[in-house]
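Inspection log for the structure reproduced underneath, given as structure tokens.
Order of writing sets the labels: A, B, C, D and E. Residues in every chain begin at 1.
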Amino acid sequence: MNDPETANPIPLLEVRNIKKCFGRVRALDGVTFTVDRRSVVGLLGDNGAGKSTLIRILNGIYSPDAGEILWNGRSVHLRSPRDASNLGFATVYQDLAMIDQLSIYRNMFIGREKNVTWNLGPFRFLNHKRAKRETSAALAALGIKIKSTETAVEALSGGQRQSIAIARAVHFGGELLILDEPTSALSLRQTKQVLETIEKAREREISVIFISHNIGHVFEVADRFVVLSHGQTVANLSRVETDENQVSHLVREGRAVER
Amino acid sequence: STAAAKEKPVIYSIVHGTLSDPFWAVYRKGLQDAASAYGAELRALGTEVHSVQGEVDLFNSALAAKPAGIITTIPDAAAFQEPLERAKNAGIPVIAINVTDTRPKAERDPYLFYIGGDEYLGGQEAAQKVLSVKKPAEAACWIHEPGHTGLEARAKGWTDEMQKAGIKSDTLTFRANNPTEAAAALKGFLTSHPNVDALFAVGPPPASVALEVLNELGKSEKVTLISFDLTQEQVEAIQNGSLLGTIEQQQYLQGYLGIEFMKLYLDHGFVPGGSVLTGPNLVDKANVATVKAQVEAGFR
Amino acid sequence: MTVIRLVLARLETGALLSALAVASIFALWTSNFLSLESITSVLIVTSESAILAIAVTLLMIAGEFDLSVGSVLGLSSVVVPLMMVNYQVPPLAAVMIAFAIAVGIGLLHGTIVRGLRIPSFIVTLGGLLFWRGIVFVITQGFPVRVPRGSGSLFDFFSYRFPNGFDVSLLWLIAWAPVFYVLLTQTGFGNWIYASGANERAARAMGVPVDRVRTILFVFTSVSACLAGLIQVGRFGSVDATRGQGLELEVIAASVIGGTSLSGGVGSIGGTILGCLIIGMIRNGLAIAGISSYWYTAIIGLLIVAAVLVNKATERFRKVAV
Amino acid sequence: MTVIRLVLARLETGALLSALAVASIFALWTSNFLSLESITSVLIVTSESAILAIAVTLLMIAGEFDLSVGSVLGLSSVVVPLMMVNYQVPPLAAVMIAFAIAVGIGLLHGTIVRGLRIPSFIVTLGGLLFWRGIVFVITQGFPVRVPRGSGSLFDFFSYRFPNGFDVSLLWLIAWAPVFYVLLTQTGFGNWIYASGANERAARAMGVPVDRVRTILFVFTSVSACLAGLIQVGRFGSVDATRGQGLELEVIAASVIGGTSLSGGVGSIGGTILGCLIIGMIRNGLAIAGISSYWYTAIIGLLIVAAVLVNKATERFRKVAV
Amino acid sequence: MNDPETANPIPLLEVRNIKKCFGRVRALDGVTFTVDRRSVVGLLGDNGAGKSTLIRILNGIYSPDAGEILWNGRSVHLRSPRDASNLGFATVYQDLAMIDQLSIYRNMFIGREKNVTWNLGPFRFLNHKRAKRETSAALAALGIKIKSTETAVEALSGGQRQSIAIARAVHFGGELLILDEPTSALSLRQTKQVLETIEKAREREISVIFISHNIGHVFEVADRFVVLSHGQTVANLSRVETDENQVSHLVREGRAVER
């Protein structure tokens, strides 16, 4: 938005040589890639490759041992998820991160209450009606059918929970949508809707990082494929350079096909 | 003078309750005044809540510090037997104060002598004072820390004496740490026992609550209130007639004399012939004026 | 039907049923339980403890404990009359200073819990001992006479109307709705629930969990201060043991009212009812003439019984916050 | 290096460092802290409280509280001499009956928690009041003396050797390893951790959570009974307030030793060290002759400081149970 | 095992007309199907169809409002997961149900300790070494690489966690293995291994209920397809009767293709 030129050379997000150890486990060992404006990056890798750790670092949940994160070309230090959401990140975590005991609509707006408050002098109050209405709308937009937004999240099925987390991220989505295996529990129908949503996000100038083990799904939407293996970036390919087979092989073997 | 400072004998004082209790505050002042007068290094300890076990543990710690002498209450003779014997073997003199082992000297725990009052007698005296002004239809006595041996003894003295006079006396066991709750409970009791017209509060906390409750109920006239120990509030209440009187032990003396006698024993080996009784002493309208200034200054 | 369902669904309903059960038992058992005298004294007790318990409830919902409230109450009760008597501080200034101290204590507790990552249980247990020790140091154990001449100020906290009611009830009526609105109608209330229900998720969703809890530690200290001042005005003197043992009682009231010890669940209404239940039990037993050594035992039984009524009706309540 | 890593990784290490820190402070501060007299008296206090705290720790790891231990300790301490004096029950039988009562109380608490789904906090708070009330009722507030002739039996629980050490230390040395093995080397120990860490998952994995907790309620009551009998042996008498306030102290010792209030984390060694830390603080301050003014306040500070040492070294410890 | 005849007419498990309501939500509204010996049943359905609820009922976590469960032809009442595991069920729950704070090998044996205990008189003690060894072996059998079985489960990646849960179920697998979306977080490589494991289970006379939204995966292994929709069984087809398209359609639409 700051820079509406179409041929902008500065990428939206740049991740440079990020490293992170847990004790003796090297979860990330030098990860580098960029997310351009209006692009969908598919982040791939075997189980334990370090994808979720990277996402947590992007949200300030962990701090990296080394490396740099640049946002719009400027180096940023993310100390908490709050910092990240202020920058304009919206994330669906792999473990979903919802408050089971609270209702759907409260979960929708936790940490984002300012969107549904009304002011009385210096005080801000929640507009419950509006929160419920907006929640219903956001769910409907994703094609999710749930009887009441007052239901506690713990009463939902695995897929329903996941849908709500996605709806939350999409609804507030700033400039970067980060989806860590968002479709793992979703039915075919729901999955299709999520993939469409990703497409629409791109059209709305929102960039997306999309993690999934279903390479087919990733291929349907991504412009660029970043493959991690044992915490390292082993490939960074644009859609035109590659095909499903090559990417599958990279994910499986953690290195390129021997020629 | 540095040599003299080094000479200062270390004297421990240990009691079975929290020193933040108003009663022990006066006692402590006695200790301190005597300690500075006689050049002793005072170490006054108390438990956090009423606890004999906690006191014995403190006593053991004090023994480990190898002091010149220890002044302690003996709320439970059996519990103190073994520690006192150890003190004796270690050559550390012990003076009992406030409550003690009441058995004859030959059978009792090994300590030098006792300085204090007699809780049971105090309770009796409270009852006698009430009986001297009227014959209550029904009486009650309020222990704010049930199981506290000294308070229970006061209550028993009162109850026995009332029974002797043929008067039924109930025992209340509400705690007084939360005065509002205690007030509500006392009100409840007085509602369900409309005949009660004499009340014995075994210490300042219940006395304070009882004064307020009787005032609020407009029963200050009807219910004769008597209490134990002295605070400014109680003094004023005696003066304005809402409190018949209060029994005190002159615990300042227990502290002051404790140090003084310990010093005399340490320096010259003096031991009095028997117990030194500091109470019970009745304060009522007749003598309240004389103690008022003392209370304000922290001596009573 | 739907109305009944909705009422039954609320967390407070169980506590309400418990309260009604306790009230009925005593009303049938003793004739005086419903007298004005008895009602007012129950309400006074309830107001005082509820003012404190409400803040403690918020903190528990957010997943932390405050064991220091009794000592903080003791401290503020002692500090105000002491300043007025010994240092001729004007009453209003003394009260302001007491509240400032309370704010400081709350901030301190919150900062230690948050900055040093020490469990709140330990920090506030330390606080329980430390502030009680400070009370002892400043009073030297002597009770402090409350200058009643300054009645006008303390009347503000606890004036007793001729009909027996007390200003403290008005304080509760003013205090409770503020916290109720805070908990249910603001984003901060959302954060309180989220912090206690699932701290990790709350952080991931952008809730400033540490800040929320620090603010709540300030609330508990300030509430303890207010409750202390309400008590001070009523009785002629304060001794250094004022408020001892209160921490457990307010936590108990919260739990009876439906607050969960593990955080994330609780309500203001339930807590007030919890305080009412405890108040009624204590007062009712005394009216029933059980005042002696059985008193303690029967309180224990009735507390469990009261919660039992709550649980017995629980399956009707299954709606999220 | 690896050995150091492994040692640092244990949960107990933090508590050990705290204990060493406290011991060093007092050893430097006062010359008598390391005297035999002082060491034995710390060990006696530690043994008594640790015997109780160990069981409380297991229950806390399993995710429940027992606030009634102080009252149960009081009850069993009172019941034994009372039966011997008033009903001429033979000492051994009296002790057996006391243990039977303790088992019964534990089962009762466990059954109410499990069958009626009332939080353990409330049930055992009820127990705290109820059993204490029963003690008041049966003693009428007066202390009970242990008949001297029966000395031989109580020597079994607490005999002080000429060198100052006490049998209670042997009890701890016998008691602690049993629970240590139970917690770390048996399936039941697995269940204890699982029940507290994630009750729902534990049930789904086939852990009989309710049975585990009920058994642990029995353990806490029985431990309280044993600790009570040890104290009866040491003091030769019991008063009606015996054990009052103990519940908070043993929970504090557990938490200082690294036990989590929310369940799933804790160790036997840590808890013993927690008891030792509290015992040393009390003893050390008494020996140092800290002005009684400051005594309480400083205990509070030192408890927080002890946990701080523990936390400061925490990042080295990151190995699962 | 009790009945080694090959042409046994009594199915291993029979679920008859199970119903379950949560408040006003009808999660299950009459579910009926059977699991034959040595067969793999694919349980399919849209998000919120009631699959996981059924699994929880089979494990005694919920009790059904109506209906009957027959095991080897006999009606059984399951009151807890313990009952179910005693009958010979081993389950991977959708939400995994593990104790995050505990180590991998302890998680492996929780509730199944008797497999790794040694006896001393009446007492049973854990054999930690053996537990670790067996855990390593079980993980290796599934092709899972994890450095140490002493790691806490909370330190694992999403896919690693899921692998452990599967390893646990497979390792103790009695006569019926119940897998509720076991491959949702798994990489392609891991997924393949799980599908192979299912095949092998069948060869070892173990029956399997396999839930997944990936119909391709289900088709690779299942003999029979049971489709739920809104808590009802809308189809129950054997492999020979149907094809992927028809099943996809059924799952999507909740009813058969209009003819």
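Basically, a contact is a pair of C-beta atoms (placed from the backbone, for glycine too) under 8 Å apart; a residue touches a chain by one contact, two chains touch by 3 or more.
Just so it is clear, the model here is predicted, and its values are computed rather than measured.
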{"item": "Subunit E reached from subunit D - shortest hop count over touching chains", "value": "1"}
{"item": "Selected pair, greater C-beta contact count between A-C and B-C", "value": "B-C"}
{"item": "Superposition of subunit C upon subunit D: rotation angle, C-alpha, nearest 5 degrees", "value": "180"}
{"item": "Separation of subunit A from subunit E, taking each centre as the mean of its C-alpha atoms, in whole Å", "value": "30"}
{"item": "Rounded Å distance, subunit A centre to subunit B centre (Cα mean)", "value": "71"}
{"item": "Approximate Å spacing (C-alpha centroids) for the pair subunit A, subunit D", "value": "49"}
{"item": "Where subunit B touches two or more other chains, by residue", "value": "19-20, 28, 48-49, 146, 171, 173"}
{"item": "Where subunit C touches two or more other chains at once, by residue number", "value": "129, 132, 136, 140, 293, 295-296"}
{"item": "Residues of subunit E touching at least two other chains", "value": "22, 155"}
{"item": "Which pairs of chains touch, using the document's own definition", "value": "A-C, A-E, B-C, B-D, C-D, D-E"}
{"item": "Complex interface listing, subunit C residues touching subunit A", "value": "181, 185-187, 189-191, 193-194, 197-198, 200-208, 264-265, 319-321"}
{"item": "In the complex with subunit B, residue positions of subunit C that touch it", "value": "30, 32, 35, 37-38, 41-42, 44-45, 48-49, 70, 129, 132, 135-136, 139-143, 145, 160, 164, 231, 234-237, 239-246, 249, 279, 282-289, 291-293, 295-296"}
{"item": "For the subunit D and subunit C complex, residues of the former touching the latter", "value": "65, 67, 112, 116-119, 121-123, 125-134, 136-137, 140-141, 248, 251-252, 255-256, 260-262, 292-301, 303-304, 307-308, 311, 314"}
{"item": "Touching residues (chain side subunit E, partner subunit A) in the complex", "value": "22, 24-25, 45-49, 51-53, 94-95, 147, 155-160, 163, 181, 184-191, 213-215, 248, 251-252"}
{"item": "Residue ranges of subunit A touching subunit C (in the complex, touch as defined)", "value": "59, 61, 80-82, 85, 91, 93, 96-103, 106-107, 109-114, 117, 123-126, 128, 150-153, 155"}
